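In what comes next, subunit A is part of two complexes: it sits with subunit B in the first one and with subunit C in the second one.
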Partner chain A sequence: MKNGFGVFYAVVIALGLSWAGFVVAPAVQLGTAKRTTVLVTGDNWPLQRTGAATLGEQVYRANGCVACHTMQIRQDGVACEVTLAKPGKTPEVVSNLLATLKLSGLTKEEADATIEKISTAGGKAETHVIPTGADITRGWGVRKSVAADYLYDAPLQLGTLRVGPDLANLGGRMADANWHLVHLYAPGVVKGSAMPSYKFLFEVRKVGSAPSSDALNLPKEFAPADGYEVVPKPEAKQLVAYLLSRHADVPLYEAPFTPATKP
Partner chain B sequence: MSEENQSCSLPSNAEPTATRSTVPMWIIVVTLVLVFIGFVFFDRHSGWFDAKVYAPYGSVEKVEAYQPGTGPNPMIVGKKNYEMFCASCHGSDGAGKVGQAPPLAGSELVITKGFHRLAMIPLEGLTGPIKVKGQEWNLIMAPMGAALPDADLAAVLTYIRNSWGNKAGEITADDIKTIRAEIGAHPVPIVGDKLMAMPE
Partner chain C sequence: MNPAENNSVCSAKIDASCRVPLLVLFNGAGLWLILGLLFSLIASLTFHKPEMFAACPCLTYGHTIAIANDLLVYGFAIPAALGVMLWIFCRLSQAELALPIVPVAAAHLWHLGVLVGVGGILSGNSTGYTWLEFPRASAMLLGVSFVLVAVSAVATFAQRKERELYPSHWFLLASLLWFPWIYSTANLFLGSTHPVRGVAQPIINWWFSNNLIFVWLALVGLGAAFYFLPKISNRPLNSRFYALFTFWTLILFGTWLGIPAGAPVPAWLPTISAFASLLLIIPILAVAVLLKNILIGANVKCFGGNFCYLRFGSVMFLVSAVMLATIGCPKYSRVLEFTWVGQAQIQLQILGFAMMILLGAIYEILPRIMGTELPFKKLVPVQFFCSMLGVALFVIPLAIAGAKQGHAGFDPAAAKFWLMISSSGLLLLLLGSFALLLNSLTMTLKWKVGLVKKVIAAVTAPLPNTEVKS
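Here is the complex of A and B:
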């Protein structure tokens, strides 16, 4: 082979560059990531999962949920909204000024300029930082998913297909565990749900001396025969605990926003 | 090009050989222009591989610009710490509990203009009779705030002074630091009369 060494060097360089780009660079960038701090409250982020939720992560993995669900909220942009906090000593002047100003959909510079104008008129205004994007419009999340949200995930199950909705902030938007259990057993309770039934995570059994407190409260068409009840197996409870542990709803330095509720 | 074509059309029994030819100049120029455009785009949008920069923010400065407010909100941090350390005796509503702790809502010890006296209580503890809202209280409070960081204690006091109808202004971590330095390392519970003799 006349160009043997040339081919060898080319292969070394090609593989070396991919290794550097796909392995070394991410490890340098995020390999030493630690828990971070939530803006405004100063709490730690992310929260460590409970035991049940950690087991539930494996149930999620075993049942291939990742094939149809993603866990990553995308954010296309960010906008500022200016609201009046205190009208000040000359409320009429300020309200007249407010009527002439554009108050939402601003960039940070525009928002700062607007606040400057309002404070010259005597009022006091606040800026609200609001993430925008299709996922956020759908109500799947309030901000984009960032690396810190996945710190305790093993393995990382980001997902690539959205047959079902995104689950990155499920605990933040649908916190009712019983609803999730019913939906896993009988997805038909939700109109248009394309999810298959996960009946094998539940046990249909004869009611004993008293009905179980865990028994699902099912609508008539999905309920078992009289004298029987549907009880979730531990796997179902763990899966729901895991789903409810998925949160991406606090403001972080790398994904800032102004929380909706202020004290 | 024509020379190469000739070299390929040798008699068919000859062994074919790989030949070298120079890359046309225009390919090199186009590649360099594409690389340049790529680097300009990278410079504008990458945040230079900073782990804290995500789209739609292109740089650390942009992320910094969109931060809501400055640092933790003392009313939220204060409420969290109040519920943890104070609420079991003083109550979540600041109304106090008979035989356990006097009220904080509307207390003349809390809604003072200065906060020197108020900050002394969680830092040093309090013992002996005091009068709160016309009622005599003779209990012991441990120095609950002595082990708290300055910022957290300041937040708790700010929360107390601005909740349940109280409106008495903010206390900063530096204020607590100053008062802590006055007290020294070993706090002793203050007696009620001595506290009232102190400046606000």
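Here is the complex of A and C:
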């Protein structure tokens, strides 16, 4: 390169290509994304947040929670499981057949073949699609996170470091708002927690004529002095509303699975 | 290199033309370096006892770590790199700094922007995007001042006597175009009140982060190293072809990294990134050859001197880049994604590579632009050994913590011990970092006192006889 223009063209080519690929193309591909529908039920997805949860997203941003938490479940793949729905007219034949077949940890093709065999024997079987992966084994999620889950997030804070647990499906796995309030005030309720307390989102005040219905029900070692109570400020309630609004637990076209049937 | 550079009278004049803007840039950078490492240490102390700063809403980990990282990059690395760049352009052009008042004003604006940004994060107004936490007011100040400095740098570049470009020219000129492009893109797509939808936000954020932390720092760090290493060791850069090859492959492949393998985005994006991290081996090898040619057999005696900084920094680039390529490989990223290993690589890139090279360059430049020795010359090797040991004690435990955490399924207890050790590395880095500000500030004050003395002497001087007689 003999002069400055050479460098200029080099930058325009190199950075321009990646700009087109990683900025413009995703903005075009995903920028017009619309709500999608849940498999089987046909409901809209994702759900619009409530007012409190929308405000809570800003509390999450302002306190930099993203430094320690991710909001993204990863998945290795899926395994299929075949279960018997109806034994049919010849239950003995079917149950003998079932004893000889491999029923879990199957690929889709193997599951289809197994179902075929069972139906020839007269029974009726179903396939359950079960996502696999370390995050799912840990219980952090039931399926992988997909782009559609994040349609209404602004700013979207996926996070890059897991000092604490993943929060992508927090609303789906720990739905008790009071537990979250107690945990924000006194993270020590979880043994070995590395989270600092967010005491400044709470008010410790004298109990008035009657205890507040919002007052936290704290374990003894974290409770304030007698005659005092801990009441969450609006920010704390909003933050918890936001955390509980995080769901990634419905089957979608791009992340199918069979939800556990409610008893 | 330009043979005319050896003309010392001419060089002194050129150096002096850089004095004021470089002092403003370096003094601010020195201060932000100390504060950045201090915030990093405060953030790290949270792991010793999570309750330590819980009473103060400002000092939550989310605030302190964001401030620490932003101060090290926007506070220290960028202004320091701009100062070094201006001086290198003057020297390579054999011309005085063009429009010297512009970078002076811009440097003040830049530091103001950083101050506004830190205040913004502390008061809970961070944007929530990694490496873009500074609120919009601050981002505008930073963007404008960068462009102003770039104008002065390009004007100086245009004055050059020798038309042929030196390899450092490619890297540094490219970095001047690079930053405004990525910073404006990121702020327009993310910083506005209506950011792009959904996962397009993190995609653009990852693109920006990689282009800033890996590519931009690599451009300025290697650009400075390829100027100073041959200059100090008195051996030519061998060869120009390898440098050109490094430049092209670095900007062609390096800029496609950054999308993590498991990201919830269309699959073609992480696939490209994984492929690019494989291709990154090519520029790494080219840099390794260049460094081998210049460092092995270089007969430079340095006991913690400027050459040591530059040598350590450039070797750390290789380590950091290899780490980045490894993390990008899908096989390893399954375990290492979301762990401390990624942070270790980023900190190595900033502190081990960029900071060391920039410090070496600044200590080389300061005595020249001021025309005097460094006032605390002995602190330079002290800082070198503190920083070298500090980087090792900070980055290696972080990487171990990451590996442990990855294998233990993100159990926070697994990483705790190593995180606590990493604080000691930060403490050493912090102790060493005072050397820069002490040196540059003392020089500035001495120079200003000298100026005032000159004025007083001129005012109080007795009238010469010749005037009385007439």
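Assume the second predicted complex is superposed on the first by the 254 of 263 C-alpha atoms of A that agree within 3 Å, B and C clash if a C-alpha of one lies under 4 Å from a C-alpha of the other, contacts with A are read in each partner's own complex, and residues count from 1 in each chain.
Going forward, contacts are C-beta pairs under 8 Å (C-beta built on N, C-alpha and C of every residue); 3 or more make two chains touch, one makes a residue touch a chain.
All figures in this text were calculated on a predicted structure; none of them were measured in a lab.
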Subunit A as common anchor, with subunit B and subunit C clashing or fitting: fit
Touched partner set for A:F202, first subunit B, second subunit C, both or neither: neither
Touched partner set for A:A14, first subunit B, second subunit C, both or neither: second
Which of subunit B and subunit C A:V146 touches, first, second, both or neither: both
Partner chain(s) touched by A:A33 [first = subunit B, second = subunit C, both, neither]: both
Which of subunit B and subunit C A:K2 touches, first, second, both or neither: both
Touching partner for A:P187 - first (subunit B), second (subunit C), both, neither: second
Touching partner for A:C68 - first (subunit B), second (subunit C), both, neither: second
Three-chain overlay, vertex subunit A: subunit B-subunit C angle, C-alpha, nearest 10 degrees: 130
Partner chain(s) touched by A:V23 [first = subunit B, second = subunit C, both, neither]: second
Contacts of A:W45 with subunit B and subunit C, given as first, second, both or neither: neither
Per-pair minimum CA distance [subunit C against subunit B, superposed on A] in Å: 5
Subunit A positions touched by subunit B in one structure and by subunit C in the second: 2-3, 29-30, 33, 144, 146-147
Residues of subunit A that touch subunit C when the two form their complex: 1-4, 6-8, 10-11, 13-15, 17-19, 21-23, 26-27, 29-33, 61-68, 70, 72, 74, 134, 138, 144-165, 187, 192-200
Subunit B - residues contacting subunit A, complex: 18, 49, 51-57, 63, 65-69, 72-73, 75-77, 79-80
Residues of subunit C that touch subunit A when the two form their complex: 46-47, 50-57, 60-63, 65-66, 121, 124-130, 154, 157-158, 163-165, 169-170, 173-174, 177-178, 181-182, 185, 189-190, 195-204, 206-207, 211, 244, 247-248, 251-252, 255-256, 258-260, 262-266, 269, 272, 337-340, 342-343, 405, 409-410, 412-413, 415-416
Footprint of subunit B on subunit A - complex, ascending: 2-3, 25, 28-30, 33, 39-43, 75-78, 80, 108, 127-129, 144, 146-147, 251, 253-259, 262-263
